[in-house]
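Each of the next two complexes has chain A plus one more chain, namely chain B in the first and chain C in the second.
Let's look at the complex of A and B:
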């Protein structure tokens, strides 16, 4: 049986394995399931990067017409990921540190690290320096929803805070309390 | 009964300094009864009496003075009485005290050379009339006709154990007492036991035993005929009427210790008041029932009968439990016995192998000389006894031949089974496994035994027990062509299979079948293989566990999906293995 790749409407190239029905079934054999899980993680992170999606919920496998439809379902072979299977994959992602339960203390929603917080910190600092906003006090809103769209547009605040914390540790940023809540000021660094 | 008085008098007479003291010196004489101490105490007990504790090295004080004849003995305590068995002269100086006479006890812990003592304040012994009941043995109740058994304690024997009515023959029995108590002739005339009491209200003539009228429940007048109280009161010996209200004192001096536990037992026994009327319902003295019956107040009437039935049932159960416990103990011992037998056998073997020249030098060179040739007669006898008991020793030389035979036998069986499975050459019969490459062990066993029923080999028992069957199975590969192997599946099901059904062969065949055709359900595979679905399910899952195939669950369908049993699962060749990412980068 030969499976083919498929390009979705959003322009994402689905791997050929996405057309294999067993890919959507949780395999009892742990070795087999480990391979499938690795493929799922790669697929999810790739799609999240492609669509700039930061969150994946177990509910996404239960409801239809959401951002994840193209990945979690395959209409062509009449298969979908069952919530229990997705939950297992999310758990594996958290274990691999490519996602984190956000908010913590629940296992239904993860925040995806298709870039690690360290990469985000670098991106953030590059953006601040390239847009000439070093030493300027910025609110989180200024970063997540800048007038000119950037890579950081739409970044969730928890992830942003992690990135800022990493910069602050390196002496490249400073968190400042301002009237509207918290602000941040970036430095050129060494 | 008479002797104790005489022996007690010996010292009471000699130690009578004054009148006040004399009242104490009567204790031995007044409150105790002579017993023959040469009889074991257990034999002196009433049927409803139990021995609680004993202590030796006890001396007796009668009042404040030592009783010279009772200075060293064993004191037994039962639920009803205290026994003193003199160590020096058990025949003449032993006595018993009823606990019912004990008014009060004191405990003295001892000081320096003074031994610890237990003081008993005793009532005058009334030697109540019910002793006669014991002397008479059993009696028949006037009211219900129940035959009361002999051997109960006096109080218990005085009341019918079935209906609870007092023994009406007791007052008349006091005449017997007068014989045994010559110093105190019965003061009252024997009451006419058969005189009915007329009810003052309804004039009904009631049985003399009744306290209230049977018809109208009016309290009946106490007729002088009812002598239960008088017979026990005024019969005290004539010489002591003055101090009839004073108490008598008896001290037990514990010269060898043991006083504290003894005193505790005494206190408990006194508290228990076992001597109070407490009919032994199950008159055969069922211990368990005594416990239960002790606190029950009324044990008469229907409830009494019911309890009696209950008790006998419980008694039977107890006996059964005991018997089973004995059996278990025996079984536990059996292991030791077998071990001992083995050791014995080994010793015999070594002895006979060390000294073969003793018996027959000719056969000493042989490795395994026949036992009869070399062994002494006794050893042979012991061996034969052991084998008669069924204690065959596997390490014994006699059974080594057997072992060899057994191996041959197993091999024979294995050959035969191979024939049954694969069909013997030159025979028209086909084997069980001719058309089936894999077969469950129970099928094999059943089929083989059926075949044996047809063959009827004369020299082998017709049917093969499962244990032997399991021993034969490992030998099969040697005698089968192609080899038949054993395999245990995940569920624990053991199967025999031909090479095409070995795990690896089946997996590769399955993978080929799936990839050649299409993903298959378990049922499809079962049909293809011509095997049962449950067996194929296990085999397929074993292949899956090896990672050769993967499953597609129809429950993961967007539309529809689901199915019955294995229909919802389709088996695919494992496409994850070796898959190279060809998606979005």
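Let's look at the complex of A and C:
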């Protein structure tokens, strides 16, 4: 049996380990499990980046036909990730700080950091300055759903807030109360 | 009248002839040494010529390299002897570097695949990955080259060794002796493309169920030489031995 990479319908290149049947089982040997988990984390983040997915839920391993099918299942070898296994991977991701439980106080859904909040902060500031919107008051909606699609299109508000908080700390943004709730204003900074 | 040569003059004569013999012998010695020097210079020039004309072939053509290595060993020359051992030969050829470089690549692959194969890799798989790593320009690498490089790694005491399991050459990169049961399982895994279930050991090798279970458990939990698959279609529970699986990176 030869284990090969595979390109999915969405154009994502799955690594060869994804075609190995035991990859879909939690490993009882802790060293082996650590290796497998690292592979899973890399794969999940890579796929999330490819498809611009921000959330992963334990439920995604329970239901079919969702955004994660291509990764959580391998129909060619008839294997799938079981919910308990996925739950373990999510926990490992949170521990490694490449995801956070969102909302907090539950452990079934994570928000993925395929870019760190710091990287998002930079992206956000670059976007605001390159589109000439420094010092303009913007609503969160203006950012997550701009008329011209940007890298930030579709970014979840909790993640956006984290990025803004980082910029605010550096004196490059200010959160402002406006009629529809909260808005933000960006500054050039130093 | 016959002179007996017993007078004082005889001593002089003998001394004189001794002197001339000594002169003659040193002259002879000198000419021999000169001759030897000349020969050595010639030999060296020939080697330099050989090295410069064939260096590329030695590095790039496995069969040429093999023939060259054999020639060296039959005349008792070590082409790998480094410059410090007076091996200007190695310097000329750059073969020592070539061999060490290959050694580094072997270590690279053994270490980077160790996590998934537990430190055992099949020779053909290793060569396949090395070839991939080196790219096409560097020419092919043979089993012979790999074995030779591994022997140059011996002073590192990292446990790199070529072993034969079930008629197949495997390179082991961990200091670990395989016991008989593990060897049997590895052979079976190779026949099966990596997948082993306890039933195979019971039915084909005549093991008791307990022995099969214990051996697989050891492979899985103690040694990390195999991975568990709980979604196997036929048995529900199968073991996969990564070192017997062929991976495309």
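As a working rule, the second predicted complex is superposed on the first by the 189 of 190 C-alpha atoms of A that agree within 3 Å, B and C clash if a C-alpha of one lies under 4 Å from a C-alpha of the other, contacts with A are read in each partner's own complex, and residues count from 1 in each chain.
We adopt the following convention: contacts are C-beta pairs under 8 Å (C-beta built on N, C-alpha and C of every residue); 3 or more make two chains touch, one makes a residue touch a chain.
Predicted, not measured: the structure shown is a model, and the values here were computed from it.
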item	value
When chain B and chain C are modelled together on chain A, clash or fit	clash
Partner chain(s) touched by A:162 [first = chain B, second = chain C, both, neither]	neither
Touched partner set for A:78, first chain B, second chain C, both or neither	both
Which of chain B and chain C A:46 touches, first, second, both or neither	first
Chain C versus chain B, contacts on chain A by residue	B
Touched partner set for A:13, first chain B, second chain C, both or neither	first
Contacts of A:22 with chain B and chain C, given as first, second, both or neither	both
From 37-45, 73-81, 271-279 or 541-549, the chain B stretch with C-alpha clashes against chain C	541-549
Contact residues common to both interfaces of chain A (with chain B and with chain C)	1, 3, 5, 16-17, 20-25, 27-29, 31-32, 35-36, 78-80
Chain B contact footprint on chain A (complex, rising order)	1, 3, 5, 12-18, 20-29, 31-32, 35-36, 39, 42-43, 46-47, 50, 73, 75, 78-82, 85
Touch list for chain A against partner chain C, complex	1-5, 16-17, 20-25, 27-29, 31-32, 35-36, 78-80
Of chain C, residues touching chain A in the complex	115-116, 193-195, 220-221, 224, 227-233, 238-240, 242, 245-249
Residue numbers on chain B that touch chain A, as the complex places them	515, 518-519, 541, 544-545, 547, 550-553, 555-561, 570, 572-577, 579, 581-585
